[in-house]
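Think of it as A, B, C, D, E and F in the order they're written, each chain with its own count starting at 1.
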Amino acid sequence: MQQLLDTAEKIRTMEIRGAGRIAAAAARALRDYVEMLETSSFEEFVAKVEKAKSILIETRPTAVSLPNAVMLAGSYDAETVEEARSQILDNATEFIQNADNALDNIGEIGAKRLRDGDTVMTHCNSHAALAIIKTAHNQGKRIKVYATESRPRRQGFITIKELSDAGIDTTLIVDSAVRHTMKNVDTVIVGADSITVNGALVNKIGTSQLALAAHEARVNFISAAETYKFSPSTLFGDLVEIEERDPEEVISKDKLGDMPDVKISNPAFDVTPSEYIDLIVTEAGAFPPEMAYVIIKEHLGWELEKMG
Amino acid sequence: MQQLLDTAEKIRTMEIRGAGRIAAAAARALRDYVEMLETSSFEEFVAKVEKAKSILIETRPTAVSLPNAVMLAGSYDAETVEEARSQILDNATEFIQNADNALDNIGEIGAKRLRDGDTVMTHCNSHAALAIIKTAHNQGKRIKVYATESRPRRQGFITIKELSDAGIDTTLIVDSAVRHTMKNVDTVIVGADSITVNGALVNKIGTSQLALAAHEARVNFISAAETYKFSPSTLFGDLVEIEERDPEEVISKDKLGDMPDVKISNPAFDVTPSEYIDLIVTEAGAFPPEMAYVIIKEHLGWELEKMG
Amino acid sequence: MQQLLDTAEKIRTMEIRGAGRIAAAAARALRDYVEMLETSSFEEFVAKVEKAKSILIETRPTAVSLPNAVMLAGSYDAETVEEARSQILDNATEFIQNADNALDNIGEIGAKRLRDGDTVMTHCNSHAALAIIKTAHNQGKRIKVYATESRPRRQGFITIKELSDAGIDTTLIVDSAVRHTMKNVDTVIVGADSITVNGALVNKIGTSQLALAAHEARVNFISAAETYKFSPSTLFGDLVEIEERDPEEVISKDKLGDMPDVKISNPAFDVTPSEYIDLIVTEAGAFPPEMAYVIIKEHLGWELEKMG
Amino acid sequence: MQQLLDTAEKIRTMEIRGAGRIAAAAARALRDYVEMLETSSFEEFVAKVEKAKSILIETRPTAVSLPNAVMLAGSYDAETVEEARSQILDNATEFIQNADNALDNIGEIGAKRLRDGDTVMTHCNSHAALAIIKTAHNQGKRIKVYATESRPRRQGFITIKELSDAGIDTTLIVDSAVRHTMKNVDTVIVGADSITVNGALVNKIGTSQLALAAHEARVNFISAAETYKFSPSTLFGDLVEIEERDPEEVISKDKLGDMPDVKISNPAFDVTPSEYIDLIVTEAGAFPPEMAYVIIKEHLGWELEKMG
Amino acid sequence: MQQLLDTAEKIRTMEIRGAGRIAAAAARALRDYVEMLETSSFEEFVAKVEKAKSILIETRPTAVSLPNAVMLAGSYDAETVEEARSQILDNATEFIQNADNALDNIGEIGAKRLRDGDTVMTHCNSHAALAIIKTAHNQGKRIKVYATESRPRRQGFITIKELSDAGIDTTLIVDSAVRHTMKNVDTVIVGADSITVNGALVNKIGTSQLALAAHEARVNFISAAETYKFSPSTLFGDLVEIEERDPEEVISKDKLGDMPDVKISNPAFDVTPSEYIDLIVTEAGAFPPEMAYVIIKEHLGWELEKMG
Amino acid sequence: MQQLLDTAEKIRTMEIRGAGRIAAAAARALRDYVEMLETSSFEEFVAKVEKAKSILIETRPTAVSLPNAVMLAGSYDAETVEEARSQILDNATEFIQNADNALDNIGEIGAKRLRDGDTVMTHCNSHAALAIIKTAHNQGKRIKVYATESRPRRQGFITIKELSDAGIDTTLIVDSAVRHTMKNVDTVIVGADSITVNGALVNKIGTSQLALAAHEARVNFISAAETYKFSPSTLFGDLVEIEERDPEEVISKDKLGDMPDVKISNPAFDVTPSEYIDLIVTEAGAFPPEMAYVIIKEHLGWELEKMG
């Protein structure tokens, strides 16, 4: 249990962060816990496993990949301890493996949507989005990339470093230059924090601005999203809460000190409606956003019955 | 002449900057030069005045307020030195006075468009836009303002200081949060660098993104622009050139040093099409953008015949 | 059989009306008929049950909830009378129970889409739509409602009475004021008469005007619809017929008597295209309208094979 | 003076109503007053005339045709009593004559936009809109009309009577059926209460809903408006105030008595943005709405200098 | 094998052409080949069948109906030669029968979407689209058709001949007159070359122009498409390649000889995005385009696992 | 008079055609007629000149350039024969000269809107549109052109010959390929047959399809139009009639002989609404389409008073 608590703590303190890493770490923690769990009473086993799941899920209740990982990895339909343990070990291992492979598959599928000579715009720093760009580049296609600075945390600087290291022709722009630059772009590719049942994309603040400008300019807009980014609970009406982050990310306290009437609003995410999204590239295929429910049912279906 | 050359130099080096201040300085320089000009030959007078105008205009050829100021201030229709001198002194004085009054009139007219309780979004740091907001505030209307950071130069910090000093309830956001925040806004008010004959607005990079998001959300979008911001030469087909500024405004050389494949694109302005602009508030009234030609003809008409 | 004929008659004469009540009454009539049916011949049983179904379905052929109820309640896959009877009793009971629970579930799921302080607009008088509003109100959220008069029959007067009785802050407007008022609204919630395979909503005349105005103003538009409101036959091309109702609902014969060139057009319903609908809240979850076929298949699937 | 006060009183109590009739009555009252005015002092003349104008204008400050009529009819540029009197008598007579002719000219110009076999939709009861329809009908074109009921005051009943008397094929619909019916319509023709400098149309509540539905269905939308309906003061930023009318027009106090939480909102007008208006037919020609400023300047220009 | 090679050759040389005929011919060739295949070794059987499939599929790699036909007809899940042979014979026969019936079903389903008196526009020469029109005509509905010339190959001439032979009121227009004529049209019906997973329609050059003009004019746009026109491989990111055809179809070499700077671009197909498509009528029902994945899974599902 | 009748006849038989050539020929014929006219009676002079004007105008009543030319060339404000003659000679000569210079000015102004490397699409064969393209090419800008075939008369073949002779990189496409090709285009440039008071463009059939596709793809759309192409009579409500041309242009009688149910529709022009037009380039400057009335008033103003 201590190991599981440690992992939970690391997720809570954001030592482990990023939807994919959180998901894998939680699945591993659960697997290891179940593997070690010493009991011959099925009731006790069930109780302890459910307790472990709850601990993990509650560390960061707004991250959709976390409950998805825990529920998929921890799923079983058994009547003895050993059957249940064996199923969980299998399911957890499969989940971890799938998560490992997901980026490769997304890169492979998404890269087919890029043609030689295409210019891509990306926002923030998404492993899945970069997997597509790098795969296309590695296939010998000449790809140019515009990367946004992504204020306030400037994850764009990490992105241009990664693209530069991969030898890809990259141009950095400020977030205000998105619409002005869009006329030079063929495809926008971003990641996903979560995707709702009606195909809306929750992602880093500014994403919906890229989507709106792409829609206006008839530029393709693709979100690269592992299936565990889809949110089953939105099927039952849950709204996605937008986290409000520390004002100091935007302006330091020093400067603010002498402006008593000035507040800071620093939302972490925004919501892009499905009508601005052309395609969601998952490891299981490329879908229009309206298909979100079908993806949830096929890939995260266990949850629907329990939640209904 | 030395004074005029000094002023020209200050404009060139951006010691004097901002479309309004440039216009007033050039008109003053021309007035003073003409006042002092010692000659009894009308031909010589004409030649020297035209020379002086050219010097001023050529210091910053892309700033539309400069040729407008010089041509309006330096206009005359005479056949003797004294007649011409007197007309120029009158015209220059009138131009300077009008420019002084323009902000007040814009504030007055624009403030009528704001209702008690309205929330305004503004971008960058525009005297004319702030004049409207402050006038409404001074009339006792409760106005809330969202101000964008306005990367790369962060003129938003100047704006929030001014608004704070005026006691206006202000919230700072990063440029990426414009669309997300727009749902709380009643009216967007920005300034203008120049306005073309077909009603397009050239203004600080990011302006067109506010306009697009406002249009999407059915929020009013107002540009506050003195009449000398309108560009007569666009009537004859001239395109507005977008200045590309120093990359170091976006990212320092240090960071860029180790990324040979990374370039910076740092456009100073973008272009907002007339269909996203509800109203242009000038000191001579509030017009829809399609009226740009009529404004040019009525207020800058001298130029049309000379340019045709 | 007499009871079943009585129910059929009450449906025909609109003594029983409203899509939900019709559905439940028909399911009950069929269950009671099958329960009493005395025969040991399976052939006779089948023939009589099919006859009973036809009688019910044909009483109001345009009401989509009726055939859905009869077919779902009367479904069986058996080879003996008792097996078939038992299945029908189970299915009918389940259908009735689900219909009873549907409003609660819709209220529960839909209420999650409303935030504290939201303003809702509704049209006509829909149990499902009001269930959502009341549930949110009962959860302690401060909800304001605009209710339309809903000419010609003014069902809006029933709606404001219900909302008033529930203690909800309500404002009545005429139907012409919908677009003018929409700027104050966060979410439109209406019911459904039926929903087609391509996600179009057939509902009380005027509904599509709310939807259009909501779309223009970027206001959420939700239809609250039990799954038995979805129309399987539209999958096979059937068009929804719009009932033309009595002119006297619009203007009395007295007034019309002296205007020989004047006709009245009084359509009962209109059609809202899926692009104006953000979400359909059913008792089985909240879906985008494009998912209509999947809902039909999962919840009314029996019919597809028979109709194909 | 008593006559003028009587007229002012009739306008205030709405004994005289309708933008056209108000304008003509005010012009006549001013003309008669000036004709009778006994004084030889120019100063006294000026003071009394300005006083008379103020009285008339202030009777209904929100009706744009009233100040337009008074200012146009009462305009003079003179230095003696007799010169001024003579100019006012001429101007007032000309204004009254023009107002008389305006409906005919609007009918003539607008009728050219209708083709044989066209179907028109109209709202409320506008003399100018009906002038167009009747002129086309009298030219032998077969015109069909859909007239809306126009709740709450049901002016549609007056409209269908007028059209019926003229022998025009007319169909009455409730306001909720506007979008549903629009697919059968070729052109929408409505009147105007006032038109702003940026081409927005202020007219009877519901007008903007016809305009939105016409825009969606690519149906022509025409406003028939005498030039004195254009509002010069909007050039200087004035917003049009929307009058809130008596709740009893919507629902009687009896019914409301037992619903303490229910309010009524009964706005008299709504605002149609210029983008939904194809053409404004005035007595001086047919213009796109963006031309409003030019119409104001050419036909109501006297006012601009005084207001600026 | 020779027969199969002959069929492959006829497909390659376009002696057999049209997506439907190609599909049926390939299924027949495979069935006949498997029927005759003499071997008792299951391994040999498998190898030869796979080889035969590959030969057929590779004859025209861009025609989506060909691999669909081969994979559906040649599908088996067996462990002995005779089991596999029997399954393939069954599957191939079923595929051929379904393809034969598909046009009738499409005609039947699609005809329900046409009302008496409707005017249809069609493009190029599609059996499925004409099946709908003729079925509606045979049901006694008065249907008028506008047929486009469909340059460069003028398949419109074949279409008007077929419609004329069927006694249907037909009007021929040039391709440039599509938008001008659209105002007279109720429904556009075209065929399909292929349909992608996100509901885009690949069809004869010019199709997307009809769709755009129909969308603008709020005219229904229907694609008539057998389920084997849907492209499973697009689920995995494949882009549809647009074939560039012989310049001589557009202008003869004679004329081109003396214009060295002139090139010809002659694309065979264009892509219509799903947002311009109201309905896809297949033999299995009428779906919105967003349902493409569900159709692929239900009707072509065998392929997904193999491709993934 | 015989000369004038000859010219009229040549215009009627289309020996002289093209809006520009017709205008110049009519102005010349009128000038020559007036020059020769022998009479000393002013009444006779007036009567004969008006008669001559009527003859010219009535030869092709739908061509807007013809009455514009005759009225501008034949304008006078005099009281003696010699004064009037002298004014007409001056006005006619000025009109002819302006018409000669118009193409050069349009080329000059329009070429400024093209940047080095731009790709242009044009339709049919317009002198004014080609003047812009050639001027830009002659200025050393690398311009690529897509020219449409322009069925039925294939004026595109003339266009590609002219562009080829000028050494401009040109690609011919069929009219159906316009939308597909638009993604490669920066600016569409077409001519004008006439322009209405609300800024609509009447031009060769197919023009509105280019405009719609350009609008969808956010591509600039420019009409090149001499000021005499603007239609003053549309100010007074006149609708533009669309000429229906000979069916044989579309399909020969031979082919049609055996298709009794087939008709041909062959409209010569279509109408592009102002919202799809970015700029109208005239010899007097570049205007947004909403400015049409101002252009009419400034350049064709003589007519307004006479028509009113």
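Some points to look at:
We take it that contacts are C-beta pairs under 8 Å (C-beta built on N, C-alpha and C of every residue); 3 or more make two chains touch, one makes a residue touch a chain.
Not measured: the values here are computed from a predicted model.
The minimum number of touch steps separating chain C from chain F is 2.
Set against one another, A-E and B-C show the most C-beta pairs in contact at A-E.
Here chain B and chain D face each other with different sets of residues for the most part; under half of the interface numbers are shared between them. Computed centre separation for the pair chain A/chain B is 43 angstrom, with centres defined by C-alpha atoms.
A straight line joining the Cα centres of chain B and chain F is 38 Å long. Chain centres here are Cα averages; for chain D and chain E they lie 57 Å apart. Residue positions 216, 275, 290, 294 of chain A each touch two or more of the other chains. Taken as a contact graph, the chains fit none of the simple arrangements: neither line, ring, star nor complete graph.
This structure has the following touching chain pairs: A-B, A-C, A-E, A-F, B-C, B-D, B-F, C-D, C-E, D-E, D-F, E-F. Within the complex, the chain A residues that touch chain F are 183, 216-218. For chain D in complex with chain B, the residues that touch the partner chain are 197-199, 234-239, 274-275, 290, 292-294, 304, 308. Those residues of chain D lying in contact with chain C across their complex are 146, 148-152, 157, 160-161, 163-164, 167-181, 204-206, 208-209, 212-213, 216, 242, 250-251, 255, 258-267, 270-271.
Contact residues of chain E toward chain C in the complex are 108-113, 115, 275, 278-279, 281, 284-288, 290-291, 294.
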